[in-house]
């Protein structure tokens, strides 16, 4: 491809890219409920003349961790249709979200997979004047759903990357798969896509994520080890209810047990081998004020800069729940809702990407390292899956100034980086294909 | 009245009393949502030719603590109508529940108030075969609503007591007010009725409650000091959300703060002056698994055998929340949802009641004392209100074998005591009127 | 006996009684280390011409719970001798403390045992001007040892009761055993005396304890159920040390485990069946600031108004230690240091005592009930031991104004009650003997 | 110097070096009590004809953090003399420990300071057969004192480095100061030496520490940022005592407050900016089993890979103590016992050291980086002090196989590295002097 010429095409599309991102931002959809987002992506790609598989076709339900169920899906489908999704497409989805389009050039060449995540966070968006999405009118209209991790931009980047690669199909070789993955939050969607076999023949898998640029300029970092390992899990504690006044001793207080366990599990965060995280994201227990609580439910996650650090924390969390529950006469169950290894990119690939991207005018800098920040991305699973059969993988950090941290209700970013993101994917595809020859 | 003859009338009504109780049990309604129950009571009393005030007429909304609001009321009204409430009556209620009927004899005599509570507990009823209401088909059809404190029986006793007193109106003197009070659970409804002025001219106020009979026989206990003091309160902790992986240190974890506070507040339960209770009935916090929780909400209560014991516990609970929240960088608010003093009956009245009730054949024993058991009842407020202007008050324990403790999901009682309860009220009214003369 | 005449003798001895009490107060000795106290008692009784058994002769070492060992005993013997104990007597004690004298009248009559406890508390006495023992110069000179429970007075009462009964021996019948018991604090000494067989032939066993007089006047209460059940126990948690900076994850933190367990065990204090107590009296753990603590030692006790309440708390405390230790990778051991049942006196005896004591001029009131206050006394074990073979028992409360609560570092009492205490014992002995005839 | 020839001299001294180390190991002395160690060092250096300042002469008492006081010093001096210290030298020390010797060559050249720490850990040494010091008879004879951090070896290395540099004095230029620093554990002794002015004219300051060699071979690492920041602090919680049975509500339980605070402060360990440590090294509270604890004392430390991480943890620990104490009605005080910044060596100096040391035959590898491991060393303060006036500093890791981690009761190391350590100091001094010319 004539990259400089393509860059100009991207620049000409900038306002459309930004519009797309803002539309997704406005109609933010939580993990596994991205019916409108999927519908819009499918409509867009189809309009480009591309063939798209979507919904149930691109998901292996057996691995759809923490999928909310048919009833919840129906309710969200209804909402999505009211917010502009195509009723026909939504029905075809069969309760699952996500989309895949494949560009077959017919010419020998590498099989490259580009992955874009599309879901939002379970956070209520800021409604304060300093928050640009609110001030400029594209704040999320969906309660407790906010694009606070940039997946709105990732989706837009993916769509226009797909359109442009398709447009220049004749200048390309090999196969390019574009995966629009649902449910990255919670590390739940990647394996469900992998288990359809979509990556089985892939030589190189790439994804990018928006990160803060410390110096305020756009940049690109190919990365080697920036992603933490994680386990997402639920804990259900079951005690016994009783009248809180008459006979508290006959009850087994599930809330008290949970609180002692949560306080106790913080003692295991120190580890000389690396850095760990433990979060009780939600807690919910009890039925009435004057009833000893019969149950308490926790949604939790552990993270670690190495899998051993993460697994020690996970085990300690379960152990303290086990010990405390026994003492309180409660029982408990745990349920794994997602697991990710540490994410390791290939250094040689990262170096090639940095070199290629250095020629993109938008970027003021490129680099091959990004410090571990505690983040996880189930793209780790895709990287492992491709490497298992000898492929290569790299996670690319798209550096752009952030207004507030990831997952914060006031998260926002400089959208000028989006067109740079499109250019980066196209440039790297071009580089990989040239290298193949 | 010819009591022996009235007792026979009561015996003849037993199956109706039990049917009524089971109907209420099946359609159990939580505090402030007793639209169907109120409707049924109003219809029954009206059918006896009695005049009934109900809903908004018998409630002072200013004191309707923890009233769930118009939206919730509308939803529950709809449910109630679907379950057989009169749509017209429900509309007249103007979102509030409860009923009052007054028997004016026109003859000089005491003003006596009899109070019956009508709401259920926020508990999911047992669906196990050993649970009679389930096995015999009158288990609650409403999710998380169960008559696990006997108010279904109290309501039925009240209705038939009213009917019979009305039938024998010509043999009575003075005035008899029958109060069907909503929202006893949570100690929320009594003051809302008191503040309408309904008790201002009352000489004697009485209520009864079903208690377990240790020896398996029916009995009646007039009681002096069996009710604990209590405060019902909510605690709302507000922290700051953050990405649990990237920057946990920038968040203020409301769930962790809540858990440390809940664990910490258990240290204040010992008191040489009396017995105390502290219950965190419900906990709910956080928005997403990978987000530092921004908020956590607790519904709590303290109780005490004396008000000083109860107030020390309440203060300690708030103090530890205050201290821990400061340390965690969180703020908090507390909201009082109900307050009750200790419930003190008049011993002389209790003795007269025991003596009069001893003649009721159903009762194998009567007594004038009942050990404090940790229970509270906002009838305490009614007792204080009547005593404030020189009246007398007594809380009567209707002793009958229980299958499981109060507020337990398998709570059930021997219904044979219900007709004894009706007789008790009639007998005591008769005694009070005779004494007046 | 001519009681009025004996009362005058007691009045004449008042300043000596008080001097004796103050001497004991000044040289307060902890449980099992009462070498000087024992020496002084033996010298006094011997000077009255009485025969005294003491030390090892009156203690069954097998049951000397929490006895500190020979090394500690030697050190305390040395201290006692320096503070005026007889070196010869101390040597004869063979490391054990306590004394028994028996008045054999040679005439048929009841065998009566009077028990006086002699040890102090492990508390540092107040050195503030408002504290009379400090201001008037009889403050304890022994570090962390204070007579903060009145046993100094009990000892003095016992000595002068013995002297006077011995003086009037010819007017008495039967046998009177006077037991000066060590190690009441911690409920450790009574069983060690019982197991020598000293109570095997006893018909009536009596003890008294100083309590606060609410109305500021002297009084005597025979009591029926005032003593709680208790278990005294130690918990030793063993973890694994590690460098707190390099490798905290390789350690098992015994202090953190202890703290989580202690916070957690407070959740079990509520019981509808009665009142409970749980106290972690001392904690001690860790070796150095920068070392993960390898061990933590707790000295604890549970109490209950009934044995079932107490035992539930004890079991819950062990259970939470068990559960938390497992989670923290720690092991633990527990050691029982003393056990006492609830203390039940005989009501008929209490009534007789109250009637007899009502004639003592010092007392403004007598009564047969004393509310349970959470106190324990291993006299409970003596009461049970005597009752086991058909005897009677009563615990007498000597009511006198207190300056601060029991075990408080500023505990002090109105010494005027001491002579009343002597009179009470003599009066009751007289009553019991007269009744025998 | 002819380094190869000097290396041979070192090799010939190996058994003496090891003997010296084992002697110090056997008579391990805690921070500020190294009277015997100081005496031995002074005697040895004096025997070499060197002038030595020691004790009070080399310590500024104003900065002797956590110095145990004159009484404790006297007791330890007595012990030291019994264990072979010179009574005269000990007296001259005037209660303080440590020694300094200065080699003045009289020739122009750099002022180099070499620092060796001499104190042991407050840990009870392993008495198990697998523990070589125990098996081979040089296990510590002092209770709760163990060389579990290698300072016995550091001291021996320092003594022989001093002897050899002194022997080759004529081949050297400039000034070489050898500092034998007490009380490194707890980060307490360095500032007390600095504040005597001893480093004011120093151009280069060096120290070394024994670290584990992952590959089992000897090595040397010049290091840039391996030391954490730390604060050592005590927390004293004061409550109010009360009888645990009678009136627990009148007490303010200092142990319960401490436990809730310790459990609560673990919630602040996560930080996206770096790694932190929090350790409650010791806890001690309460006076008696049946007394509500009046006080509880904690010895604590925080550490961080950056000062901001460390300070956040420190502040959070104090904040939770503050909040919990308020709630429990307790007061508290905190006392800083030592503060250290992060330790940053000069990279250029580290590189030169690595290069020079690579020629020492004992070392199989040298490097210029050492991962942060959570360790602290108050040598950080010396590095900062020298750099403040333009000097250079480096902390050298002497890599040798360890049997167990630092501060573990079974800590032991391969002593073959000791002679390598002597060679390293001599080699680096030689390099610095040659470079100067």
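The first chain written gets the first letter, and so on, giving A, B, C and D; residue counts start at 1 in each chain.
As a convention for this text, a residue touches a chain if its C-beta (ideal position, glycine included) is under 8 Å from a C-beta of that chain, and two chains touch if they have at least 3 such contacts.
Bear in mind that the values here come from a model prediction, so they are computed numbers and not experimental data.
Q: Which pair wins on C-beta contacts, B-D or A-D?
A: Output for the comparison: B-D.
Q: Please identify the chain with the largest separation between its CA centroid and the CA centroid of chain D.
A: B
Q: Could you tell me the distance, in whole angstrom, between the mean C-alpha positions of chain A and chain D?
A: 47
Q: Using the average of all C-alpha atoms in each chain as its centre, how far is it in Å between chain B and chain D?
A: About 67 Å separates the centre of chain B from that of chain D.
Q: Residues of chain D that contact two or more other chains, please.
A: Expected reply: 245-248, 250, 256, 260, 263-264, 266-267, 270, 272, 277, 373-374.
Q: State the interface residues of chain B toward chain C in the complex, per the touch definition above.
A: Within the complex, chain B contacts chain C at residues 263-264, 266-267, 269-270, 272, 275-278, 373-374.
Q: Mind pulling up the chain D residues that touch chain C in the complex?
A: Contacts found on chain D: 121-124, 144, 185-186, 228, 230, 232, 241-248, 250, 255-256, 258-260, 262-263, 266, 277, 279-294, 296, 299-301, 303, 337, 373-376, 405-409.
Q: Within the complex, which stretch of chain C touches chain A?
A: Interface residues on the chain C side: 245-250, 253, 256-257, 260, 263-264, 267-268, 270-273, 309, 312, 316, 319-320, 322-328.
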